């Protein structure tokens, strides 16, 4: 199913740069113009999405999940 | 209390660009080299951190909160 | 930007049934075959997505966000 | 400790249909009238709750964790 | 519906000490032996749960939502 | 990079009491005056932060991630 737009305000286009596959969850490293974005998703989702090194993806995060620290 | 480092893999340095203050939560727009990052935090935290337009901040997100979509 | 698939394992198609708009975040009630699903997103996202009563949407949740209780 | 009600607006009753146990976290597949709901929790919680195939459970999600996409 | 146990590893019993009600979400301050715990939930959940100053509650958090910083 | 303060309203100082290392994510048990707080973070973050038994850490949680149940 294709979707036309997502509510998440924070969206980063990029390419899968590395995958660390675990038995339940996996780490996906995504190279974006903003630098490396790291995501942990289920290993089943990695397979369902057909993620491989070089796959074009969108990493996104809800604004309620973003923390802020003062420097 | 000062902390030396945070576990969150996804960290974006930037400056507060806009603030929308609500009665309970507020939206913080942060200008980073990666583009605009938007965070929703409690309005009390906005005041406790002393956030204003131009404040230097670090936006960060746990890898478990990052979703991935295939383009 | 259109995306072809999302990693979130928990996806519910439905129609917007009600909207409670706040100054920063809004509540979106979505009628799905699974019953009512409720989401809180930024009010700006409600406007950007053009959500109205009756809009066709997909509600989705990462598996790491789902809690389990024993009955 | 028994609780009488939970704040989460999104609650789905069901039965554990499958368990994928990992060293730290596990995937719990829950069959509900709404379809399969998937949760990732710590493997210690799986053991503490005594989850097995067929256990009656409640899967629940805070509204702030639900994302919305437009179809 | 009563539940007998929840997967969340981090549970804090306490009493509601303060409520800041907003149009969509509200802040609940809970006094626990561990100090004040603050939660943001939908205002509808505040009403559905019948929360008032002094109500006995359980605040809980999934382990995947807890961040760690080094001092 | 050192930060001076974090928005998270819920902060617990403590010492690492136990570590369960997995291939992708690890469980960190932290002994605090409030009792044991459990966090799941990426194993790479465990290494980057140099976490060991006895390390002084701060566990913290955004208010939007805290659920409330009525007893």
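By letter and in written order, the chains are A, B, C, D, E and F; residue numbering begins at 1 in each of them.
Convention: a residue touches a chain if its C-beta (ideal position, glycine included) is under 8 Å from a C-beta of that chain, and two chains touch if they have at least 3 such contacts.
The structure displayed is predicted, hence computed values, not measured ones.
Note on connectivity: the fewest steps through touching chains from subunit C to subunit E is 1.
Touching subunit A and subunit B together: C, F. Think of it this way: of A-B, B-E or A-C, only one pair shares over half of the C-E contact pairs by residue number, and it is B-E. In this assembly, the C-alpha centroid of subunit A lies 29 Å from the C-alpha centroid of subunit E.
Averaging Cα coordinates per chain places subunit A and subunit F 22 Å apart.
Between the Cα centres of subunit E and subunit F there is a gap of 18 Å. Within subunit B, the positions touching two or more other chains are listed as 1, 3-9, 13, 22-23, 25, 27, 38-42, 44-45, 49, 58, 62-65, 67-71.
Chain pairs that touch one another: A-B, A-C, A-D, A-F, B-C, B-E, B-F, C-D, C-E, D-E, D-F, E-F. Listed in rising order, the residues of subunit D touching subunit C in the complex are 3, 6, 8-10, 12-13, 27-28, 30, 32-35, 37-41, 45, 49-51, 55-71. Subunit D contributes residues 1, 3-8, 22-25, 42, 44, 62, 64 to its touches with subunit F in the complex. Those residues of subunit F that touch subunit D in the complex are listed here as 20-23, 25-27, 38, 40, 64-65, 67-71.
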